[in-house]
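Below you'll find the structures, each written out as structure tokens.
Next, two complexes with chain A in common: one pairs it with chain B, the other with chain C.
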Partner chain A sequence: MGVAKSSSIERHWNKLLILPTMIYLGIFAFGSFGLVLFLSFTNIAFRGEISRFDIIGVENYAKAIMDPTFLTALKNTFILAGVAVPVEMLLGLGIALMLNQDIKGRRILRSLFILPMITTPIVVGNMWRLMYNSEFGLINYVLMSWGILSKPVPFLGLPETALWAIILVDIWQWTPFTTLIILAGLQALPTAPYEAALVDGASSWQIFRKITLPMLVPTLLIAFLLRFMDAIKIFDIVYITTFGGPGLSTEIVGLTIYKEAFKKLNLGYASALTVLVLFIVIILSNIVLMIINKIMRR
Partner chain B sequence: MNAKHLIKIITYLGIIVTSIFFLTPIAYTFFTSFKTQVEIYQYPIFPKDFKLDNYFIIFNPKLSGRFILWNIASSAIVSFGSMIISIIVGTIAAYSISRYRTGGDNLFFMILTTRMAPPIVFAVPIFLIMKYSGLINTYLGLAIVYGAFNLALVIWMMKSFFDEVPKDIDDAAQIDGWSKFHVLFKFVLPRVYPGLFATAILCIIFAWNEFLFALLLMQSPYNQTLPVGIAGFYGERGWEWGQMAAAGLIAILPIYIFALIIQRHLVRGLTMGGVKE
Partner chain C sequence: MVNVRIENATKRFGKTIAVNKLNLEVKDGEFVCILGPSGCGKTTTLRCVAGLDKFDEGHIYFNDEMVDHLSPQERNIGMVFQFYVVYRMTVRENLAFPLEIKNLPRDEINRRVKEIAEILRLSDLLDVNATKLGPAEKQRVALGRALIKEPKVLLLDEPLTNLDAKLRTEMRIELMRLHKRLRSTTIFVTHDQLEAMTLGDRIAVMNLGVLQQYDTPYNLYYHPKNLFVADFIGSPSMNFIECTLKRKNGEAFLDATDFKINLGDLSNVILRKASSEEVLMGIRPEHIVISKENVNDAFTGIIDFIENIGDKNIIHVKIGNQIIRVLVHGRTEFKLNETVYIKFLMNTFHVFDKKTGSVIV
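Coming up: the complex of A and B.
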């Protein structure tokens, strides 16, 4: 054994390597959490500098659970995730099944289909503001020239349509994600059951129903859960397209916290909202991890 | 054979419809970027000719009142800087977790949860931390924040690349008398360079695209990043759509090129390791 090997660096090598990460995330993730938890019990405000503040107990929380803006935001966020994600799953499954076949230019198509999900979200929002525009936008132009609409509709500007317009943007942006995961799942399936089915003369539909779909269930669940956790994070798209309007029709939790903290400057109240959102996310992600673990063990 | 033909036809039709759906907004933005404010209302789809006016305007602060070149520089500095931070910190941690299982499953999951949380929950505390550490309005401050957000991604990706390097390599080098430091940096790390490169590019893409913290922490038009710079294209004549489209294309072009370069590893990164190829 050489001298170097018995040095304390050698002995604690593995801990030493992970130490910077612990400090870094300790400050940012867990320090942030401690700070925001503390602030949520205060009436701290921010106008250039932080104000003098008092500890006011659970007042912020009592206000939050009765706050119509926050409750609407929660509702909208879950409507968005609840509608967009299943649609993304269905489309993703369909597109993955198509790409999984022996077709020309498969690699190029897959690269093209990735583009929406790597496009800068603010730019995605701007692209769809062009598309939806009621004075010149492509969607209104096409729908009117096909005779589906008689007069232009400002899709992002009406309370009835705005949330649905944003849901379509989310579907555009994130269907590539579900497609990629499901496609990889399809390509990892064993071939033996298919050969047996072909020998038995099963139809394509039977093969899909009885072999592909059951074997694909774990992949589908993982795609769904990952995507759902991501969908409730939506911020940039709504910020740039509607900023929560008209009225509260597209208000989502990210925007509510942003507006409370940095427009109305109520850091204390915004902190309480943050803790509530974090609480919901932690419960959800624990359920998610539990389900994924269960699937993986099977 | 009939059913097979039918499936083929449906597949090709589906591919065409999907391509149109995915590519239309991008193509429409591309076409719009060549139209003047008046032409946007005259030519619903294709521009009359491919005039570069919008591009010249946005790059000229005197004409546009914007600082796109500064924005590009800020984005590049912050993306590259944050990538360096998270790659250095994350890669050594990933090696430790891959080889020694340091901290066990619990620590690994804890690290991953930092990426599952919505970024907005960090907005208030990080704003205050940056404000009172004097790092607000600095490239370093924003780079540190992005570094923290990308750390989980780097650790996850690099762990999966390290896992693919046989442990025999470590053992053989150690038997030859190399220190643990040399085992990592001389023998194992060079074998994951392609993965390291892909991970680095992914970090750059995420930082380049980020909006919320750039908005909160960079408050001068000279140090704002590109997404913040293009968030408000509102001028005397209302929204300047053509310029907005041009700026958007400038922002996404480098991303598309990067994505093309790391195509092979892109899927693993974008799906957070959900998929290996």
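Coming up: the complex of A and C.
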């Protein structure tokens, strides 16, 4: 009896303990998602009387998939995520392998490498905007003094270079993140397989290729997934540096949704765009998760 | 195959001396066990022979060639670790790994994988992912990987410790059979004296980084050089009785307060070698006869406790303030608090110098 009673108390106690989280998720995750989903089927706008709106079915979605701004934004977002994240992964792996060795000043180096990641995005954006400036920016100055450029280039002001300039900022800011995760993964690896491979006669490259990398794959995929989802959400850097310009050359989905909702005040349409982006992210991340599970089960 | 020689080797970790002036020679084709409690320096020694660690002083020779400066890759050794290391690949790929590194031709790799898999009974498991195997099979894969490149020296670091008792016995026999067949120079590290006694041609007993005795299992058991070896080898362990060395009419005897032991012929040797009168007498529980009837020269005692370990009983006999353990095979008729008579078998006891711990006879 005593045991049964205490376990039933425990069960209720457990529920009580997760209650705050459930309330939080209920309001801010499921609640707001439900609201956005509902609004996406309406023509609600921040104009005139907000309470007067009609349910218009999938009209917003139909408009979205034909909307050149949104489609360009999607394309730019995926170019950004598709270029920046793999580069961040490769750089992160390289730096993590370097920091994992017994080198002098390793601790200081580790702290320095994290700096970009812990800097406020607004500061990062403004800093790079100044560095990219064609009249007094550091980057133009260096490239010109090395003779690579003959005249200053307004990197953020040209449609051909603006997106790549932003990709570079993203790489600079988020490589420390992949580095940190991969470094943690490396340090959690057992040492015995390394030693066994050493005794088996393997060279450092063979050990990396055949032993370290296969053991590191789950960590790499998780780092990739986190970074990929984050890269699709990119907003602040673009907001500060180009605000989507010139033209639509750096328009990304976060910015499109922001402009629809808070500049053009089309709340219903912005909601539909949000739902679309959410589904794309869910589908893509599930594909990555499926790959992770497949590898883990092997 | 080679012989391995460790000369004057010392290894420190901070202030602790893990290995202290070790000298050890393993002959070509010999199976040597390094035996000792945890922290005695046995694994450190093995890792240094492998090249995974380096001695601070002293040298290691393979066939008179100094290998101190060689990396593990260059030493051509096979090693099996306590926690069976298999790579996240199939058994076939695991076994082939050391050969692929050497870029051997494909058909030779296949031939040798097939051969070693047969020896280790892994033929049916070749295409299974090695990480999915049970502990004993994993350990066989690790062993196969160590053996496949026909290493100069085979190093085994407690390879059986993490297996359960039944598998451990099976693998022990398998190892013995394998060694008979391949005759590779082998160093086997263990803390299990039974394992060392059954496997080793010779055993190096270590304690606190110092080599205590390096001898055959027979000699370790019958002629231990000091108290540590006498105590560590044998199960149940040896009885030690504090005695005073005394003399009467030119003959020496040991006074254990509650009983006396005549030394007879050994008197002269003991009197000459003992550094003081304080000595310890050691006798193994299996070298004591116990009976309910009194016989000549027997000591009278009372049964204090009976430990039943299956087909054997360890009977604790109390004589005065001393407890002496006696091993009896088969069923026992003895009961608690019964008065019994015990007698030491002739020439089976040892006398140790209490101060130095070394054996006198």
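The criterion applied here is as follows: the second predicted complex is superposed on the first by the 267 of 298 C-alpha atoms of A that agree within 3 Å, B and C clash if a C-alpha of one lies under 4 Å from a C-alpha of the other, contacts with A are read in each partner's own complex, and residues count from 1 in each chain.
Methods note: a contact is a pair of C-beta atoms (placed from the backbone, for glycine too) under 8 Å apart; a residue touches a chain by one contact, two chains touch by 3 or more.
Note that this is a predicted model, so its numbers are computed, not measured.
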Combined model on chain A: chain C and chain B, fit or clash: fit
Contact-wise, after the overlay, does A:74 reach chain B, chain C, both or neither (first, second, both, neither)? neither
Taking the superposition on A as described, I'd like to know which of chain B and chain C A:20 touches: first, second, both or neither. first
May I ask you to decide whether A:93 touches chain B, chain C, both, or neither, giving the answer as first, second, both or neither? neither
Vertex chain A, arms to chain B and chain C (CA centres, degrees, nearest 10): 80
Does chain B (first) or chain C (second) touch A:64, or do both, or does neither? neither
Chain C versus chain B, contacts on chain A by residue: B
Looking at A:231 after the superposition, I want to know if it touches chain B, chain C, both of them or none. Which is it: first, second, both, neither? neither
Is A:168 touching the first partner chain B, the second partner chain C, both, or neither of them? neither
Just chain B (first), just chain C (second), both, or neither: which does A:203 touch? both
Should A:39 be classified as contacting the first partner (chain B), the second (chain C), both, or neither? first
With both complexes placed on chain A, how many Å separate the closest C-alpha atoms of chain B and chain C? 10
After superposition on chain A, the chain A residues reached by both chain B and chain C are 203
Enumerate the contact residues on chain C facing chain A in the complex. 50-52, 71-73, 76-79, 81, 83, 85, 87-89, 97-98, 101-102, 129, 142, 145-146, 149, 155
Which stretch or stretches of chain A touch chain B in the complex? 2, 4-5, 9-10, 13-15, 17-18, 20-21, 24-25, 27-29, 31-33, 35-36, 39, 50, 94-95, 98-99, 101, 103, 109, 111-124, 126-128, 130-131, 133, 135-136, 138, 141, 172, 175-177, 180-181, 184-185, 203-204, 222-223, 226, 229, 232-233, 235-236, 239-240, 253-254, 257-258, 261-262, 267, 270-271, 274, 277-278, 281-282, 285, 289
Touch list for chain A against partner chain C, complex: 192-193, 195-203, 206, 210-211, 214-215, 298
Chain A contact footprint on chain B (complex, rising order): 3-4, 7-8, 11-12, 14-15, 18-19, 21-26, 28-29, 32, 40-41, 44-45, 88-90, 92-93, 95-97, 99-100, 102-103, 107, 109, 111, 113-114, 116-129, 145, 147-148, 151, 155, 177, 179-181, 184, 205, 208-209, 211-212, 216, 226-227, 230-231, 233, 241, 244-245, 248, 251-252, 255-256, 259-260, 263, 266-267, 270-272, 274-277
